[in-house]
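Structure below; questions to follow.
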Amino acid sequence: MTAVSPALRILPEILLTLTGVLVMVTEPLLSAKTSRKPLGIFALLGTLAAIAASAWQLHLPAGTAFFNTIQTDAFSVFFHLLIGGILLVTLLVSLNYFEGHSTYVGEFYALLLFSAVGMMLMTSAIELLMVFLGLEISSISTYILAGYRKRSAVSAEASIKYFLLGSFATAFFLYGVALCFGATGSTNIHSIATGVASGSSPLLLALALGMMLIGLGFKVSAAPFHVWTPDVYEGAPAPVVGFMSTAPKAAAFAVLLRITYTGFGTMSHIWIPLLWIMAVASMTIGNLGALTQRNVKRMLAYSSIAHAGYLLVAFTAFSADGLAAACFYTAAYAAMNVGAFAIISYLSGYDERRVHLQDYAGLAKRHPLASAAMAIFLLSLIGIPFTAGFFGKFYVFTTAMHSGLWILVTIGLLNSGLAAFYYLRFLSQLYMQPYDAAQDISEAPAQPAFVLGIAILVAAVLVLGIIPNRVLRLAQAGAATYFPCSGTNAAEVHTQPNLLR
Amino acid sequence: MMLAWTIYISFLGALALLLLPKGSATLARSLALLTTIVTFAITLTAFVQHRTGALLTVTQKSWIPSLGIEYHLAADGISLILLLLTGIIAIAGILFSWNIERRVQEFFAFYLLLIGAVYGVFLSYDLFLLFVFYEIVIIPKYFLIAIWGSTRREYGAMKLALYSFIGSAMVLVGLLAAYIVAGAKSMALEDLARFPFPLHFQMWAFPLVFVGFAILAGMWPFHTWAPTGHVAAPTAASMLLAGVVMKLGAYGCLRVAMTLFPLGLGPWGFHVLGLGSWRDVFALLAVIGIVYGALVALVQKDFKFVIGYSSISHMGFILLGLMTLNQLGLAGAVVQMFSHGVLAGLLFAVVGRMVYDRAHTRDLATLGPMNLNKAIPFAAVTFVVAGMASMGLPGFSGFVAELMILIGAWRAFPLFAVCVGIGIVAGVAYIWRAMQQAFFAEAGVEPTSMQPPLPPISIPERLGAILLIGASVAVGLYPQMLLNVILPALHSPLFDGLRKGSWQ
Amino acid sequence: MIPISWYLVLSAALFSIGVGAFLIKRNIISIFMSIELMLNAVNLAFVAFAHHWHQVSGQIFVFFVMVVAAAEAAVGLAIIIAVFRSRETLNVDQINLMKL
């Protein structure tokens, strides 16, 4: 092991925590009337520093720290950058969201930062205790964020539902961890892998795996554990939904990858069918559910269930490429979904004046730029070429096909054809219906921070769709440094060296 | 090479239209027209210069190296003909939509986006790239119909979009499977066409990809998007739909499905209802399409539905020509792609622009008393000419194409060729009926004073009609013009697999 | 000495009761308590396994679970108060502004 100071391995987390604590401490010192914008800008700077630190970690040799609880490698760095990016954009688009509506907004920024810290810890954790801590740090912060519109009954309802079902899921996850500990005598993923490979107490392990899948299934809102999603997304403030529909999912998917690919790599005959079923159920239920929705936030909630399904398709592939595809798709999905919710938050404002499809009739006339951005995000969600969604889906389905899952691929592609229906309906509302001037709502003009955030997202969607090479290489590097750990598919890795350059 | 600029110029034109200041409708129209004329000039130059029809690489750059995807544009004789067709239809479409007043800039922007993507499909020699352009076509198509359409436009647009997405999903499954089986190193058409896919793989991949493309080509029984889509679409969009978008499907069938999986056309080794291979199945579906389309067109009340169903009948000829697998039939299919593109465009222009925009009805029974052959004689003459060409009268492109396909089919499937005869007879009948009911119903009766006089046919319309008729007549009188480039293309290495298979 | 399976059965029973209560109970506080019950079942399992493997790490895990559960309770009760303020009820059947 090289002598890398352990603190450097969690440098992004440290920076974000310090920023969060400072924001939290400064908040009560300011008078109630003072604008909280400087705090938000400070949080932004902290996030930028954390992103820079993550990028710098790429040059560190891969290794572990803190008694084998943390592992930094290309894989963890990829997710750190992704979560940092989501945080950055969320801060940018919500910088003015609470202006004039809510006091003590500093807490909001601090909670976002803490939540991101938890997620980052999850992605680099190789010890289930650390996963649990990260999961709870991020979850508890997100429970509060979901209810941040304090005076709104809907928001409180979303918060309580998220809290109850989230804790319920955590309990399942924990029980799985306990059983896993019982079967292997360790909670370290690499030790678990050894224990699993030895083949003792398979029943207990299968049960443990099932429990953990249920717990993580809730977190990523995969069917059949998706029931909370539409309600929570409908009630929570739109910028928060953008954040919590992408970042925690990315983190939970990273954990799922570590657990299934590394920890239970030799039991793939058990979890592949389970994930297969979850993937099909998520895609189908998500898309069918979205077809009937008239509330845009609920519609996008169902669409996010469907996208979790596409991601699970990549998982099911169980190959280095599948892993890279999953990483890439998480990034693509994050860019388009945060964008879609950011535009909704702008158009409907703090008090959510535009929640139904018909409220968006003809808005392209009044908000040509916001509508154009929305159109790009929606086209990407459909999977139209030259957007992130298209290439992401293409890559996911290619790798799944490579692993011989052609039934799954067929179901997935038919689903994405079907999904076009409700996205196109939203688009046609924006562009085709006559604009009803009676419904005119005067929005505050878009602030520079918001415009910058949207510009970053649009650029991300287009870059990932047109020249995905750099992100692709990073994702593949993450997969390559990480995947051979499981040792099972090493042969396959060698047969396709051209894919792993 | 200049050909790549057809794509870029179209996209740039679309962008420029969106950036134009509001309220300059004439400027927007002129800009769009100029763009299409430039692209047409490029395709025409390429067509004239490359009389050999050999493969012509336009540009080849690495795009996503880790997946072996290239930005590879190239054209052979078949592509050149379809590029030329796209150029002609694009100009005519703009001439025939000169009267669009609502959201002009956006209309032409979507229009040029569609044209650019169509050029892209015809030029792509990397299958990923081809699929990219193929998918892009769907979005402007949807918007053109849903915003500027007429009868049940949202329904028609959505149905068209969903059929397209489902079709492309099937295509993608087949392409991905081929890519994986071939070692996941390259998406280039030549590489995959050269790869010897196992027989059992081709046996399921071929019908999958073929049907995926054939949905867009209007193959019976997956044709139902076509009549509703055509009827809902504004004139220019129905011209593009029938003229080039349906050709995308047929082109995909030939260029992708048949080129990659030639063994899929071979015999199954057993017979079901007398059918012994996918080739027989698709030939039968094509014949059913020909006869069914013609018979249904015969009983339609809506003028545009007549043309919509006639398109299905004519597209059936193309698919039948492809399935003959002999040089005559295949060449005929390509000529028919050109011919039907021009003629369907012309027929839709007459019905949608010349008649409907003036009379505001397409009901044949209502049109009759209006005495259209007196009111708008140019429309009547154009329709008569286009109708005769569509029936397959000698001297027009339709005659050459259908004759070639018929002879090819006679060699391959004598029984089907006889059935096609029924379709041809019905084809004469529905054109005759539509012509008689719409234009010459009450010949001799003076227009009643109740009706305001219909506005005369404008200059752009006349120019567009002359352009399309000219193209059809030119091919009809001198088919060698197209055959000279088609035949070398059919003999290129790309079609080796087909030739080694059951080529006759 | 009591065999480990007894503890595990008890733990599984507690967990199942927790799950059942979570699904059946209508009062938010009761639902919340059933989650705590599930967590305690987890703790019991951890302690039993730690004893079985002679590993202290299982017991350490229990401490963390307890700490986190306390934090979760603090936040959860705050959210419950927020809900009660806005709806004046703690019955989940009446907290139905959004269709489930």
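Every chain is named by a letter (A, B and C) in the order it is written, and numbering of its residues begins at 1.
Throughout what follows, a residue touches a chain if its C-beta (ideal position, glycine included) is under 8 Å from a C-beta of that chain, and two chains touch if they have at least 3 such contacts.
Everything numeric here is computed off the predicted structure, so don't read it as measured data.
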Request  = Write down the pair of chains with the top C-beta contact pair count.
outcome  = A-C
Ask   = Which chain would you call central, comparing Cα centres to the global Cα centre?
value = A
Note = Note: chain B sits from chain A at a C-alpha centroid distance in Å of 43
Key: Centroid distance [mean C-alpha coordinates] between chain C and chain A, Å   = 26
Task = Take the average of all CA coordinates in chain B, do the same for chain C, and state the distance between these two points in whole angstrom.
result = 64
Inquiry  = Residue numbers of chain B touching chain A in their complex, please.
reply    = 64-68, 128, 131-133, 135-136, 138-139, 142-143, 146-147, 154, 157-158, 161-162, 165-166, 168-170, 172-173, 176-177, 179-180, 184-185
Task = Please give the residue numbers of chain A that touch chain C in the complex, ascending.
result = 129, 132-133, 136, 140, 143-144, 147, 150-154, 156-161, 163-164, 167-168, 171-172, 174-175, 177-179, 181-182, 185-187, 227, 230-231, 234-235
Remark   = Note: in the complex, chain A contacts chain B through residues 379, 383-386, 390, 394-395, 397-398, 401-402, 406, 409-410, 413-414, 416-418, 420-421, 424-425, 428, 431-432, 468-469, 472-473, 476, 496, 498-499, 501
Message = List the residues on chain C that touch chain A in their complex, please.
response = 8, 11, 15, 18, 22, 28, 31-32, 35, 38-39, 41-42, 45-46, 48-50, 52-53, 55, 57-58, 60-61, 64-65, 68, 71-72, 75-76, 78-80, 82-83, 85-87, 95, 97-98, 100
